[in-house]
Every structure is written in C-alpha cells, then in structure tokens.
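Both complexes below contain chain A, partnered by chain B and then by chain C.
Moving on, here comes the complex of A and B:
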C-alpha cells in the first residue's frame, strides 16, 4: 500500500500549475513512473495533481505550417500507431513502439516519457547518491555495466527515454507553461547534464508543466529510424539506441541528425557523427567514418566498455539500412 | 480427502492475507524517506484520516459506485473492494503483467493505475471473460494448449490475449510475441502461450476448438 497523499484532479492547465507549485506536490499524467517511484520510496508525495483529464494536452495533430503538434498526454501507443507520424516521422513512431510493454504504452504519455526519472539501480535503490542530494555517484566504483560513456560528471546514469533521442534528432521543440506564462524551447535545451545540476534531469521549475511537443515539417528527402539494442527481445530499456534522421537530395546528405540513447545522462546528440555524414554520399566509407566518429570521445567506466563497439556497430547498421 | 467448503474458504482468505501482508511490506519501504529527500517543513501535512473519493466504475458490464482512498490502486479496489480475485498481484511495479486488465478495451497494469484515475472507465477482468459458468474462448484455449505450469501469470496472460484479439483478430506470431511481451511467465510456457493465442483467435472466429 502506498502512503497517504491528497489527490487533486486539475480542471485546467492553470489549475494544475497552481496545485503543483507547492513542495511535495507531484504531477500524475499516465502515472506509471510516478507510482513506481512512490512504491520504491525514491521520493514521496503529499499531494498528487492529476492532469490526465486535461483535454487541451491530448491528441496528435498537424499544424498549419505542415508540422505536428503532440500533446504531452498523447500516449506512446497513440504515437506508435499514428499514420502521419509513422510515415513522416518514423524515428519517433518507432521509438514509441520500442518503449516498455503494450500495457505501459497504453498508459505512458510522451510528456511523462521525457520527464521520467532515471532507472539507475543506485538512484532507485537505497543509496544517498548525488542525484538524491548526496555527494557521490555509486556507479563510479560500483556496478556500472548499464551506465554512461558520455557526459557523466558527478552522475553516470543514462537517460531512460527512447522517444527523447528521436525527438532530438527531429529538432523538436517543447512548450512549457508556468505561473509566469509559457515558453517554447528546443528539446536540446530541455535536458540538464549532471555537470550543471546532478539532481534534476530537465529544465522544468516547480509548478511548470510540459504541455506540448512541436515538430517542424519533415525536410525534403527526409528518412529516419530508431534502433534499439536490449538484453532481451522486448520490454526492456535500451542498452544503447540510435535515432537517425537524414535529409538526402541528389544522393548527398544535406543534413544529418544522430541522437543516441543509453549512452549519457541526457539523450546524446553525436555532432561528430553528423559532421562525418554532412555533404557526403551515404556510402560504406561515410557510414564507417560516422560510426567511428560517434564513439571517438567515449569515456567508459570499468564495466561498460562493451557499449563502444555496440554503439559503433549499431550506428553502422542503422545508417546502412537508411542507405538501402 | 476432499476439503470441505469452510476449509477452502479459509485457505482462500489466508492466501489473500498473505498478499496483503506482502503489499504492506512494500508500502513500509515507501515510508522510508530517501536520503536527501528529508521532509520539508513547508510540505502539506499528509491527511491524518484518509481522504476518500466516490467513483463510478463499470466492471465486467456491471456498474459500481466505490468509495476509494486516492492511494488505492485499481488492483487493490478490484480484489479487496469488489472481491474479484482473478486479477493477480505480482510485482506491483508494472513489470510482470499478472494484474493485466482491460481499461476501456486497452490492456493495462491494474497495479500501476490508481483506482481514482479509473473513475468512469469500463474495466474488464478475467471474470468478465467467462461465458456464464463456462470458460470463455481465451480461457479454454489456454487450458487446451496447456499454456502454463504454475498458472499464476495465466489470468494476466489471458487478459493480454483478449486485448490483442479484440484489436487484431488474426495476429501473426511476431505480433503475438510483441503484444504478449508485457506478461512474464517464470515457468517459461511461452511457446504454448503463443499457441493458445492462435487457438483463441480461431475459436473466436467460430473455428474448431
């Protein structure tokens, strides 16, 4: 049985913001990550503010400019099955389909998938780690085979989302509403590296709400995919994953986006891999160079060096599929 | 010797008590504040008497009005308030699938859903798959294909199969494997489970059982 909390169902975004501004309040959208954290004592909640009834945060729709607007409450199942997303933004639809299990995809929202807490066993377990306000990351000297090879400084967890790298590769923007009004920021600046603050994963201030995700129209000649490597064939977090979106015209890569999951405390854009592809023909040589560039600056811990050849092989495989 | 009715009733109760005590243990762990998550004096005082909320809930076609605490999961409400013990508690973390039910026709984990969040929804549990006193097609298919050993995960497996067949009456093996992936079977009856889903698909279409 969970410990007691007060429950409020918000009738509007404004009310959700007011109700969730006080310390000890937690937002419930789908609720799967929240209930897991409460059950395991990762944090406690005195008040749960449900936003699940807010119609204005639901749905996936085309925008007037030819892009897409995805409400924060759109479920992963909805995104995975959306015809327009599958056709024009396959990296995102595939990432949503690869996340969690059928039951959780029916429950979990895209907003919650971006805001979910880390799965690191020290964070989820009874360890006073840096992310919980302590002064050390237990993964450095401990069991770190699932931890990061990039961007770890003070905390070596990996960001658990599959959809985040896909949205990053699509140059998505997110809209955030708070007491002081609304702002729209690139998703790239939504995530917070532990070197900036190891205690939070994103830029949301207390009382702020992620309300929607905005996608530009696909580039001409765009193709994309999401690849995910897991320990089992389904229902697992990524060991590593790659969202790749390329704009190709006249046989040449005009624009490349390579975003990795399972490698860093934030969804990790590999600008090195992108630079190795830009302006090139997508041939074996360019693909091999991009895959090598993706892992060039990796800094493995004692138990996760295997991620370097794994990422390299996965990126090479994914780019070859896009070239075919 | 065949146990009399009183005895089987008692053993059913003690099984329920066992799971209650498991659930209490999990709740106890949640009470221990994580380091760095110490209580902030500005926090809202938790209600000393449980706040309760009245919710409408349709379960297996029958309308109920339930009084629930916000912290109760749908799993708890189904089992402890409505006595529908076909829905099984397993991991209570959304990892095993034993508690799978249909919420408005979609497969969901009842352990990860607050009862209050299901207000107004239409729930189907294992009991709802029965045809009167007879097993429904999905249940029959699991029995006929011997798609279990211990059977504890079977109610959840059957609900996932039902959810799959409602949206995709003729699934491929790959589709079955993906759509059943949210349900774990520690006995490893997976090949038989795939066959059971195929048999259920054929039975639902009026094929030979």
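Moving on, here comes the complex of A and C:
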C-alpha cells in the first residue's frame, strides 16, 4: 500500500530539476518501477515529480551527423518498433522488445529502464541490505542463484536492464541536466559499481535528470543483436543476456562490442571477448574463443556457478547467429 | 431408483460458453473482492517477519491514535483467543494471534480503519517486540536427530510408519527382475497464486453474521466459522457467488474471515479484509516440496515385479497431509509394492491441498522411472505402460474400478499426438534438439453424497436452479444448467442460477477433489427429473392420458400413442394454479465394492538449447478418461489450464526460502514465476475417452480438474530426456538446472 506523498507535475526540465533537488523527492516517468518500489516500501518518497508531460524529453529522431537521439521519455515499445533503430541498431530494438511485457513496454521509458533500481530479492524484500544502508549483502551467504559473477564487492546484485547492455555495446552517450547545467558522458561511465558506492547504481546526483541518449552513426558493416536467456517467456528479467555489435569488413571483425546483462552490478562489457574477436574471421574457432574469454575471470557465488557455462553457451549461440 | 443413463444427449457434451461469461468479462460479476457495503471499514493484518519468533510485546497505542483507525485486535483481546491449527490428534496448538510464531507471515495483530490506506499506515505504527528463535526450513534437516523442534513433540507430523503400505514380497520381486533401477526425484514447493486474492467481507445484523467469502465451499466455511465463534449454523450465512480461483487453497476457513467477523462485531460496522498478493504467498498454503526415492524392478518382457517408494515431505509449520504414494500403489499392475512416507514439520508456511495433492509429485517420480525402465528393456514407453494396466484398484483391496479408460488414453493419446513419428523424428544437430515424452496418471479420489439441489419451474416455463456448489471459475454453473436443459428442454437463457449461499441454497460439500460435477450434477438431474415427472402428471390429468405414455419434448408434453394429445408446459392448468413446480434432487450413494477413478495420458514435444539449457514446449496432447464430457468447452479449458499449470511445476515455479533467515525471497508474482502464454504451447489438443461408466453416478461423470495436471510435468521431463539424453530428476527444469546438468555431461 502506498504511503502519502505530494505530487508535482513539472512544466519544464528546469522545473523538474528544481522540484526534485531536495531530499525525499523522486522523479516519475513511466512509473512502472517507482510505484512498485514505493508500494513495497523499498524506499520512501514525500514528493513525486512527474516529468511525463515534458515534450522535449520525448521522441526518437535522427541527428544531423547520421546518428540518433532518443529522448529519455521514449517508451520501450516505441524503441522496439522504431524502423530506423530496428534496421541500424538491432541490438537496441531487440533489447527493448525483450523487456518485460507489452503493457510495461508501452508504459516504461528508456530513461527509467536505465535508472531502474535493482531487482535483487533482498533489496526488494524485507532485508536491510547494504544497498539500503545496511551492513551486509544477504546474497553472499543466502540465495544467490540470480546474482553476479563479475564486479561484486559489498553487493552482488545484477543490473536488471536489457537496454543498458545494448546501448553500451553501441557506445552510446547520455546527456544529463542539473542545476549547474548539462553534461554528456559515455554510458560506460554512467553506471556505478558497488565498490565505488553500493547505495547507488548511477552517476546522477540529486536533482540531476537523464534527458537523452545519443547514438553515433552505425559503423560500416555493422551487425548486432540482443540475446536474452530467461526463466519464462515473458515478463521476466534476464537470467543472463548479451548485446553484441560487430563491424565486419571483408570477412574480418574490425570492431567488436560484447556487453552482458545478468552477470554484474552494472551492464558488463567483456573486453576479453571483444579482444578474442577483433581482427579474426567470425568462424567457430573465434566464436568458441570469445565465448570462453567472456567468462574467463568470472567469480561465481555458491549458487550461481551455472552462469559460467550459461554465459559461454549464450555468447556462442549469439555469435553463431551473427555469423550465420 | 436411479434414472436410466443418458444415451445421446442434446445439450450435455456440446461446447457451450459460460452462462456467466458476460458478467465475468464485463466486470458486472460481483466477486467477494468487489463487495462494497455502506459504512464499511477496511482491515489489514500485521504478520511476523521471522521464521520463528516469540512475540514478547505488542504496543498498538500509536496505531489506535491514528486518524481513521477504529479498532485493533491482538492476542491480548479475550475474544481473539480462538484456537487454531489442530495437530494430528485434532488438538489445537495455536491461536488466532498466537505469540509463538512458527513461520514467516503468522498473524500478530490486525487493524480496522476507515480506508485501506489508513489501515496500512496504522500497521506500520504497531510496535512488536520479537524474541527470535532458531529455525529449520529444510525437510531433510528437520528429519535429522537433534534438529530444532517446530513443535514440542518433535518434527514428525505422524509417527513414522503411519500410513505406510506393503503388499506381496518386495525383496522377492526385485530378485525376479531383469532390471532394477533406483533414483531420487525432487519437486519444489509451489504456491497456488489464485487470481482473486484471499479475503472476506463480514457484516452483523443483530446476532446474525453474513460473510461474503472467496471460498471453494460455503457450507464448510459456515460450519468452521460457527464452531470458531460458537454460534449455531442458522446464525451464520456465507455467500460465495463469484469466485476467482482456489486450486485447493480456499478449502479451509482462513483466519482473515474470523478476524473480519470479530472486527465487524466489535465496531458494529461491516468490515472488509482482503490479503495483499504478497501475503498470499506466505499464509494461505502451498504444494509442499517432496523428495522421493523410487526403486523399480522389471522383467525384459515389460512386467513390473516390484516398486518401492521412500518419500519425505513437509507440511510446513502446522498439520496437514502430504503423502504422494497412491499412484505407486495403484496405477500400474505390480504384485510387490512398498510405500514408506515421512511427513515433517518445518518453520515455513503450512501446506494445503493443491490441485491433485501429491499426484503430480508422484507422477514426476513414477513416470520418469517408467520412462527409464522402458529404455532399459528396449520397449516403447507407451507399450510398456499398456503392458501393466490394472483392472482393479490394487491400493483399495483389489476392488474393481467402475471403469478404466487408461489403456484407451494411452492408445488414443499416442495416435492423436503422432507419438511414433515424434519419437522417430530427427532430433537436430544444431544447438536446439527436439524430443518427445509422455506420461500416464490418475486421480485417487471420488466424490459422493451428500448434495441437495432444487429446480423450480415457473408458470412461464422458465427455471430457477438452486445449488450450493461454488463455481470456482471452472464452469460449474454452466454445466449444471446444461443438465437442467437436457432434462427439461428449457433453453439455457431461461435458466436462472442461485448458487453458493448457505442461507438460500442447499447443502453440498466444498468444490475440491475434482468432485463437483460428479457430486452435484446427479443431484441436479434428480431434481430436474422430479419436475419433469410432476409436469407429466399434470398433463396426464389434463389430457386424460396415462402418464407412462407421455413425454416432455421441446416445452410440450406429448402422448406417444396419439400425437394430437399435447399441451405446452405453460398451458398446464395445475401449473397456472400453483405458479411453480419444485423438484428436489439428492445425490445417491456410490456403488458398493467398487472404486471410481479418472485416468489420463499426456504427451509433449519439446526443444532444448544444449548451449543454454533453455527449453520450449512445442506442443502437447492429452487423453483423459474422466467419464462423460459434460461441456466440451469447459473440458478443454480444464485440460489446457491443467497442462499449463503442469508446465509451471515442470519448468518455472518454486518457492525460495532464504537459508539464513528462513524468509521467502520470491513472495510476489514477479519472482515467483507462473507460466505466461509464451510458455504454454499454442498447439495443445485433447481427446476425451468416455468409458460409458454407468456405475459411477447417474451422469456417468468422473473428475477432471485435477487429473488434468497430474502427468504433465513428467511428460515434459521425459521429453527433455529424449531430446538431450540427460535425466532431470529435480523440478523445476529451469535453464540454470538444465545448463548445469548439460555442461556436466559436456565435460564428462
């Protein structure tokens, strides 16, 4: 049951920033994550600032430079169905289409998808865990079958977004506005590892707003996909997932990006897998080497050792599909 | 005397949409959850957050002082000290708000307020001092010597040995076998997760209590509520007109009903108390996990020589019954059988009956074992089962079944599915490989009396049908109306139904055990026949003809000898004078010395990704002997729904308790995964095997709801094995479990 809060509808980005700068304020976009967290008492809010009316944060459009600009309020359904994204950035369109359920994709925004809180059952449940300011991560000794095999330290959650690894594999940038103005940073530096701060998932300071996502023009010969392994056919986060973007010319991989979901507290770029592919022909040998490299330094917990063969098999499966 | 069995039927057996489909789909149907009464208060329950704790102190003063809060109940209130949770001897071991909390989610206090929000806010202000205690949540651990005790008498629900059965000479049976296999199988704890959450609305008028309850049985609830509140049955009215699913979890009276009634009495206002979705994961039952060690012996010719089951299951914190061995003892012909089962307490939510309690679990073990035996002796799995069909119930002193269509289920199912082609189809040489599997099954229960139904025929020929049964969403009302339409020739849209109200309808047992149709449709038929006989009598007088030569055809009573002698029902003089004809029907006894059982065989084709362990169920076929099909549409609904639920057991559903705290970590509809439309195959078919059983009851029906999910999970597991060559003994087969098993093989 929701507790009481004040509701404000921002008329401009500037107003949204002002209204959400004070402690206890939360931004409401699609609401599919925020309202659930408030209802379940994961965190509280005494002021909700709705940005859903801000036209300047909406839409998906080509940029003058041949790239794309995606407003933070673009819905997952919009992205999944966008002809240009489907054709030139299939990893992103497929990731958006793989998220949640049709109703949630109509409601959920890309900004919200990047900023969503962890789905870890200890974080969401009645456990005072490290991410909520407690002194322990319950997953270490507990039910950690869904938890991370990379990047855990103090907290072993996995980042829940499907679109984040896709955008990471596309070298996307995000634009952030705050009281002190705007900045544009690579998505890779947007996410925060628990070793830096276990209590937040991203670089947004209070009052800062993610306003848009920028994509460069696709590389020549680019191909990509998002592969998601889940426990049921819909309405489910990734057990593990892989966003892969390759630039292939004359049969050789010129550039490779492999970003994994479901393996780390942030969307996880596997530079090892990328290195195993760069300069190679995309044949079975290179695929097997890349798949093995993707899990080389994994550190499983007591209950998630299966993620090693799973990630390996999934990367193999995904690369084979791209090669075919 | 029993009426003659139906031959060809005009209405019964046809595909007929629910008579209340419009109400249910448009939102016009008033479920208990929808009931809004003037001046109504809303209540909520504070639950223990620990797996095992003693409540030392409850301070509700701050909550009581909050705006809108009208009452609080705790164990300190004398009226709330109502005994609860009987042990195996029937002696209550707990109370409504017992300070000894033996699992997460036990009721500690409750609040009634003007709005649901105020009640929820007030709960957060109740301060409770808990003394936490050690707990045991794993049944194997609870069984070990020196384990933490759930109850003072130890962790066995019944003394070991209770209910164990043995026949023949098991050792000799294994010695005579050419092949002996032994394997340990496990199934996980499943939650019912009904569409409509559990709850009640209670209202007092003087000393009379009315409760709108989402329940499988209004009369069972009436009796339990009357006992809990020490009232006569006549002062307790329970209404359950529309119901959003039970699956067994709404057979027992819930504490929420009693708490709503206590608040309503205390405040003098109607009180609504419905649980949140999350609460229903903790507090209203589950299908308990089971571990089954099964040993089987077979001769090369496919003759089973011995079966031995050693099972252990847990009821959770309070007494229930959780054995699984029936099919081992009954389904296949086998002279030497031993079944030993242990039932233990753990500090976890109490189990309740869940769609064929014990049977899908047993099927998971037995049917995978049958699959493995068939392979060892080089026999087709269907042929192997056909070799071991029983005509008598070996678990019931070899009494004959009234009918068994099991062999026909196997043959017809295999034919409809295309079993041989599916088994011979190339498995594929890429990452995805295909396989086909099947399983047999039965349900071990049959309903019987009492049930009383009333059919009233009005002066215009329209009908009021009055039945006590609850329609859980299964189509009960539609089926019963079809029985009336069959006998009286009245169109379905001229039949009004009154059901599931202890004040206005007649007694019947709860809708559970797949027995509603076989218990209540004979009563309805009898009532309709009584009306028919009365109409014929009236016509005999009016037409000056012998009643024996008259019959009711299309709303007219016609003489067989002289067809000009006919009268429309609404033109009957006596009917005009009386304005109504009332027929009362009662369910007669089951046949003596015989056993009534439904049977099934199901088939599945799957594909498995050997790189990732992902599995897709491509198609399924089911063949069920549940006696006569009453409504082809609701029949298919039951079978497809049951198979989908079986896919949940096979692939997605499991309660997960945190080993460190004993708390459930996936108590919500996101983390506890019931199958979606994408997990059920688009290609599902079912074929009805009708053995024309004229002994089981006067409508020739046996149960369907439960057998529909009995063999499903095992069929899927057998298909997984056929595809991959890897035997998955633990349910559910998630990608995690599958890839762990597949990669082990890859290394080895």
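One rule holds in what follows: the second predicted complex is superposed on the first by the 323 of 324 C-alpha atoms of A that agree within 3 Å, B and C clash if a C-alpha of one lies under 4 Å from a C-alpha of the other, contacts with A are read in each partner's own complex, and residues count from 1 in each chain.
FYI, a residue touches a chain if its C-beta (ideal position, glycine included) is under 8 Å from a C-beta of that chain, and two chains touch if they have at least 3 such contacts.
Note that the coordinates shown come from a computational prediction; the quantities given were computed from them, not determined experimentally.
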- When the two structures are overlaid on chain A, which partner does A:186 contact: first (chain B), second (chain C), both, or neither? neither
- Task: Answer with first, second, both or neither: which of chain B and chain C does A:44 touch in the superposed model?
- Result: first
- Message: So in the superposed three-chain picture, is A:143 touching just chain B, just chain C, both, or none of them (first/second/both/neither)?
- Response: second
- Task: Considering only touches as defined above, state whether A:206 meets chain B (first), chain C (second), both or neither.
- Result: neither
- Query: Which partner does A:217 reach: the first (chain B), the second (chain C), both, or neither?
  - Reply: neither
- Could you tell me if A:106 is touching chain B, chain C, both of them or neither one (first, second, both, neither)? first
- Message: Tell me the contact category for A:316 with respect to chain B and chain C: first, second, both or neither.
- Response: second
- Message: Looking at A:251, would you say it contacts chain B, chain C, both, or neither? Reply first, second, both or neither.
- Response: neither
- Query: Of the two partner chains, chain B (first) and chain C (second), which one does A:235 touch, if any: first, second, both, or neither?
  - Reply: both
- Query: On chain A, what residues does chain B touch that chain C touches as well?
  - Reply: 1-4, 40, 101, 126-127, 233-235
- Query: Taking the complex as given, what residues does chain B use to touch chain A?
  - Reply: 23-24, 26-27, 29-37, 40, 42-47, 50-51, 53, 69-73, 76, 92-94, 97, 100, 103, 106-109, 111-114, 116-117, 160, 163-164, 177-179, 181-182
- Query: So in the complex, which bits of chain A are touching chain B?
  - Reply: 1-7, 22-25, 28, 31-32, 35-36, 38-44, 46-48, 50, 52, 77, 100-104, 106-107, 126-128, 132-134, 199, 233-235
- Message: Quick check: in the complex, which residue numbers of chain A touch chain C?
- Response: 1-4, 40, 101, 119, 121-122, 124-127, 138, 141-143, 145, 229-236, 239, 304-307, 309-310, 313-314, 316-317, 320
- In their shared complex, chain A is touched by residues of chain C numbered 44, 49, 116-117, 120-121, 276, 278, 431, 609-614, 651-652, 656-661, 663, 665-668, 670-671, 673, 675-679, 734-737, 739-740, 742-743, 746
